[in-house]
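Below are two complexes that have subunit A in common, paired first with subunit B and then with subunit C.
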Partner chain A sequence: MNVTKTLLATTALTFAAGAASALDLTLVSWGGAYQTSQLKAYAEPYMAEHPDVNIIWDESSAEAVAKLRAMNEAGNITWDLVDVTVSDSIRLCDEGLAREIDFDTELAPAPDGTPASEDFGATLNNDCFVPQIVYSTTFGYRTDLVGDTPPTSVCDIFDLEKFPGKRSLQKRPIDNVEWALFCDGVAKEEIYNVLSTDEGQAQAFAKLDTIKDQVVWWTAGAETPQLLADGEVVMGSTFNGRLFSAIAEQNQPIGMLWDMQSYDLDGWIVPAGLSEEKEAAVMDFLKFATDTQRLADQAKYISYGPARASSAPLVGQHADLGIDMAPHMPTDPANATNPHIYDYSWWADNRDDLDAKFQAWLAQ
Partner chain B sequence: MSSLHSEIPTPSLTGFTLPLMAAAGLGFGYIVGTANGQPLIGAVAGAVLSAALGYVLASFVPDRRTGRLGTAAVAGIAGFAMAGTSGLVAGAIIGLILSWFAYWLSTGDYRRSVPSYATAGDVLWSNSFKFICGLIFFFLIAPIVVVLPLSFNAQDFFTFTPEMLAFDPDGYSLKHYRDFLSNPDWTRPLKNSFVIAPLATIISVSLGTLAAIGLSQSHVPGRRAIMAILISPMIVPLIISATGMFFFYSKLGNWMEGNLGMSKDFIGYVKVILAHSVLGIPFVIITVTATLVGFDRSLTRAAANMGAGPVRTFFKVQMPLILPGVISGGLFAFITSFDEVVVVLFVGSAAQKTLPWQMFIGLREQISPTILAVATVLVTFSVLLLATLELLRRRSERLRGMSPT
Partner chain C sequence: MSDTTQTGPMRAADGTPLKTSLARALRRQKLRALMLIAPLLIFVLVTFIAPIADMLFRSVENQIVSETLPNTVRALKDWDPKSEASPDEPVFAALAVDFQVAAEQKIHTKLGSRLNYEDPGISSLFRKTGRGADDIGKEFMGRFTDADKAWKDGETWAALMGSDAWLEKQAEWAAAKEDGAREPRFAPRSEAADALPLTADAYRTFARDTQATGRKGVPDTKPWPALFTALAQDLATASPEALAAVGGPSAGLLAPAATAVAGFEPFSYKETFVGIDKDWDKVSNWETIRLYSGNYTPGYFLNAVDLEKGVDGVQTRPEQQRIYLKLFWRTMWMSMLITFCCLLLGYPVAWLLANLRASTANVLMILVLLPFWTSLLVRTSAWKVLLQQQGVINDILVWLGLVDDANRLVMINNQFGTIVAMTHILLPFMILPLYSVMRTIPPSYLRAAKSLGATNWTAFWRVYFPQSVPGIGAGAILCFILAIGYYITPELVGGTQGVFISNRIAFHISSSLNWGLAAALGSILLGAVLLLYYVYDKIVGIDNVKLG
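Take a look at the complex of A and B:
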């Protein structure tokens, strides 16, 4: 009996000791090509410098808010750094689930000494959110299925005569109702004023009604590239990086339609309530991962624009294909001729209401 | 029996074989025609060609082998002319099916499986029944089979590319299998699955077997109620068990970390293994209880009579006899843990990511054919496990004298 006990105790100790010698950091992200770009640009160089740190990925950003709430209630926070969109970060920050960050002291300044808060500039939104990338939700189309005149305007999505066939749109009101109003003749700066009225919302849904039976609704970013590759849809919205990957890396016959691309930001939050040791390790990683060079490096792997102003001039070529990445950024002047600036605060106030109306409209 | 069938009359060519051949040709012709954008022309041409084929085979080619191979060759060449290599394969398959159908009808083989006194209605029903059974098999198996060739896709999409359909070697590649075996995103979950599933199985098998033996004793009070509680993880919706387990194991984990000083990583594995054991126990209880029905109780009394203690009796007498039941229960428990995605998503943290979890993420975030490669490997693995199970079952039947061999 004594032998068994000793054996058990030693095994348990070995397990505990073996795990304690390396520090595991759990990073939460979105999976796919985006997470790969984070792995290559931030995690691998960091682990090379800090061999005692081991980075583990959890692809749960899509349900980050719900899971963080549950973890907080159960008192068992297993995440150390979470990649979320701005709107999710606003909710997490308001609920006290994310730690507030002092940008100028806790993040790296630009190489010329500009403090981080100035370098990030307009991409900063709340006290918990450290921006990483600017991405956009925009359209791709099958070059071989749209005839001789490819679409040039977002309103071609609503033109079933010129471009017959299925189109894929994201299964949520955001972006779709704005595009609908814009194509129904509402001026860009008036969109949110019109959307604030019941008539305006009805107008948007009426415009969406005209193409409703030709729409395939997607929920995951990988769906539109798959549908386009299959030729099941003629055109569809998705994140610009996914389209870049399908076009440049997979050689699919797909073209980009940048008109009325909808900008959004993605970045890190640090969960509140980490142990001191974990928090120190995470903040050290965060400082490294959001410095000027690292953000510029990320653009080698995916066509999302760095959130720091000082990173933009450092954006180089694609790591494998050797093509210049700057023309594929959503923020490139040639692509940004008519972008749509999505209003976070309007959506924060109206999201629940419009989500419900959108679901009801879908079910009709 | 053969004397019954030797009297089958040759059915009428124009009144029976040719119309049915035409109907079958109509169906194939419609499918081929739709693929070429001319469904109506395809259907008509298919019916005419098929009826002609039936006439030629029934009247002039009595040798089946020649007739079938010849038809397949001609249809294959026609298919090749229409749609290249994939047309060749499709044409040859259609040719084989139609020529088989022609001989089956014209020689009267379709009556062979029913007694000679069966009416036309009986024959029709007997053959329709077989056809429906075939369809059921098809709908069960086809979705799994379709995945297998896609896992060799050279592209990163779930699409049969033109190169694949033309059987061009460039359209195929093993890169998704290479990704599965070399990418840490996949090797780590694979390792986790092979750590968690066997340990959970060992726990479920030990506890489940003990519970089954205890519950099979007639003197245990409240046997039915205990049984129901033990089986409940199988009946309660998984998502509900998972939510409950999340909060329960979080507290347990915090206590273990605070009072026993174990590392978070180790606790994570303990939590997932315990949760999976709970899910596996019902399978072990059910299979072992079923095996115990055939166990002769007088053997344990005989062992006791000869001076063996209960523990010795269990290991030397009872265990060897119920071993097949224990093993098949263990296999079920293993597969339950190995396939499980809901509970591990709740209870585990990223360090305990298992294979199904990674597949779930892969499907949601990045539709990559690596999932199909993994699926192919897992299907093969599951087929092997089930085959083992079936062999064990047969062995146990043979040992208990329930089957003649």
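Take a look at the complex of A and C:
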């Protein structure tokens, strides 16, 4: 009798649960601390307000472009909202794999009524991409291994006499060739003009040649903090949030070098070809998750700057450590004295070509 | 039973020759056997062979250019790339129509990224032009509507370009307005298609696109500006007789429009395009479009072996872009070395496994299998901890005084790292086939050899080793084929000198989206493996391979 009752009750509960979670939304992100910050800042509050929506996470952003293309060819889109970098969003938009978004009507305005397109301002890049955060690729160094005078300029990376030892750089041409040209005397605003010529590219590789045998090349963002912690390298580039957690959360003897930090953006795209019902649900979530308060909330969990201008004054303290987050943001005035703004459209055109040259150069 | 004096062929009970009857019975048996394996065969074909074939086919596929810019490709045939001047007005006129139609469907950027693989810069040229191209159409739209307001209406266009039968069905559908009923599929008016070929093509694309995406009927949709560009070009060349032959409700508009077109101010398509982006005047861009206008291209394969298509035929790529042959060669020799290391380390272990007491052998077997069950990434990362300069091995060597603290050994992020880590990962694939073959070799053979006077070495080399060759063959093939396809381990521990061709394939599949090149590289790799397999079969014989 009891067993039957329990069974009946369980079945009823299952049905109730099934009815309650009527709509599943699949969000794709990068995993790790970044995805956790999105879960805490966007997904949990949204699900609290909308008990009928159930958010499922997938950690496939690194292969998002290839997977979306494959899904599109198979005619079966299983993702509803995808977190990608700007350069990937350009590819997706170009290939018709991402839905175009009308920023002013489909996204929330700032609290003072400024339309979204103005509030996002320069962070908007193409018609498909809704920015969330500004992060930067910058350098960290071992405070105990660089002697009494810590590095202050990005060109110290190329100075093997003052700072002997290995350095880690990302295994791709982006950022590295710009830093190389800058340290070879090219003015910041001239970098892309110089890079557009074969001689300019040769100049960049020649500069990189001077440190080539002292470089450890990384592909995953976690590698540089690990290499620094192990003492394998004295300085290395990585995403600023990774360095923040190594310094503030793990108390490693690592210092930040913000000079010529390379700004990049991360944000959402909505895959093209969703069903009307799914699309409506996703757009509602997107409007919520990219409003001023939500973007500011995310900065409680990770040291990436919100993409909206109106969010900046709302950035508070770290949720667990209780330290002020503003000084750790790449956009903080003290850190942004000499930032490098990288040219997305130049790279969209030349990425494959330069990458082939970069790989050939590495293999030499 | 049978007549012994019969001279003709033996016959079965029903009178057919025995041979035929037997063959029929055998065929039936074979068919039955085939039907038994059919589910598996179909499963493998559908889920494995077909997708691979489809993927590899991309290495030559190239319809995108001629499908997106059909008129331009046709007009470009008359252009001589050696003339060192960009094409003339007719090519740009065709481009104006093609480009606007493509931009309306948002497929111009896709073509841009395709051509960008061959010539960097085309992608942004196409993206930029996509934003400005419909200004051309709007200009003509203005001119036509100045001549007659009716041109603004979608209905005018539908009546001109659609067949009478379709118009009738369309009107019925529009009047009924039933829920869920689809608009009847557009059918073109044939005499209009003869008189106005460009416009008819553009209109068909417009109608299909509207019916596929729009919620409104074709006549209620605003005509694309591209249609006006096409119409202006068609009317300028159409013969009055052909125009007069066009029937339907809008036919009366054509003759006045043709007169109006004759009076249009001259319009330079070329200047307009060059005004949008001066790169349209660059010969190299047009060369690329022309070279890659075929439906199939050897371009990806040429790229995969460091060659490229030029105006004068195939040529080698510039020195600083040559990479793939080097990587293929490195993949081959390193995989062979890794296979050899596996054999060297695996052979004694397999021998021990096969010859120890069962209980000891079982413990040893677990030790062999344990890493096999551990995640690949964990094992690779473990090697990092061991091999790095501040790692366990270097620390021990420094502590022992064998290595100076300032000159720690570099054992990772180079070829050594890849070889060590991959040998460790592939070792079980060598040990297991060796073990299963060695277990079947009776120990009495060795004892017999020794009792006949052989030394330990002769007994092993002349008696034991030849019998273990089938296991070596199986293990070596397994290790080698797995090794040349590996990319995670080389990526993590290989640095710059220890990465394989598969790392580039992975890059082109997941980041650069150049699937054609990835497919070409993959096809070459597959071809190389099949060739090696063939050579192996010729030299050693594939019948000599035993997995157990």
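As a convention for this text, the second predicted complex is superposed on the first by the 342 of 364 C-alpha atoms of A that agree within 3 Å, B and C clash if a C-alpha of one lies under 4 Å from a C-alpha of the other, contacts with A are read in each partner's own complex, and residues count from 1 in each chain.
Basically, contacts are C-beta pairs under 8 Å (C-beta built on N, C-alpha and C of every residue); 3 or more make two chains touch, one makes a residue touch a chain.
Since we're looking at a predicted model, the values are computed, not measured.
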Combined model on subunit A where subunit B meets subunit C, clash or fit: clash
First (subunit B), second (subunit C), both or neither touched by A:Ala122: neither
Subunit B versus subunit C as contact partner of A:Ala334, first or second or both or neither: neither
Which superposed partner A:Arg69 touches (first subunit B, second subunit C, both, neither): second
Touched partner set for A:Ala33, first subunit B, second subunit C, both or neither: first
Partner chain(s) touched by A:Ala48 [first = subunit B, second = subunit C, both, neither]: neither
Which of subunit B and subunit C A:Asp230 touches, first, second, both or neither: both
First (subunit B), second (subunit C), both or neither touched by A:Gln250: first
Contacts of A:Ile56 with subunit B and subunit C, given as first, second, both or neither: first
Doubly contacted subunit A residues - partners subunit C and subunit B: 62, 230
Subunit C contact footprint on subunit A (complex, rising order): 62-63, 65-66, 69, 91, 93-96, 166, 171, 202, 205, 216-217, 219, 230-232, 345, 348-353, 355-357, 359-363
Parts of subunit B lying in touch with subunit A, wherever the complex brings them together: 155-159, 185, 246-247, 250-251, 253-254, 261-266, 268, 349-351, 353, 361-362, 364-367
In the complex with subunit A, residue positions of subunit C that touch it: 106-107, 109-110, 112-113, 116-117, 120-124, 127, 320-323, 326-327, 388-391, 413, 491-492, 495-497, 504, 507, 509-515
Residues of subunit A touching subunit B in the complex: 12, 15-16, 19-20, 24, 26, 28, 30-33, 35, 56-60, 62, 70-71, 73-76, 78-79, 220-223, 225-226, 229-230, 250, 252
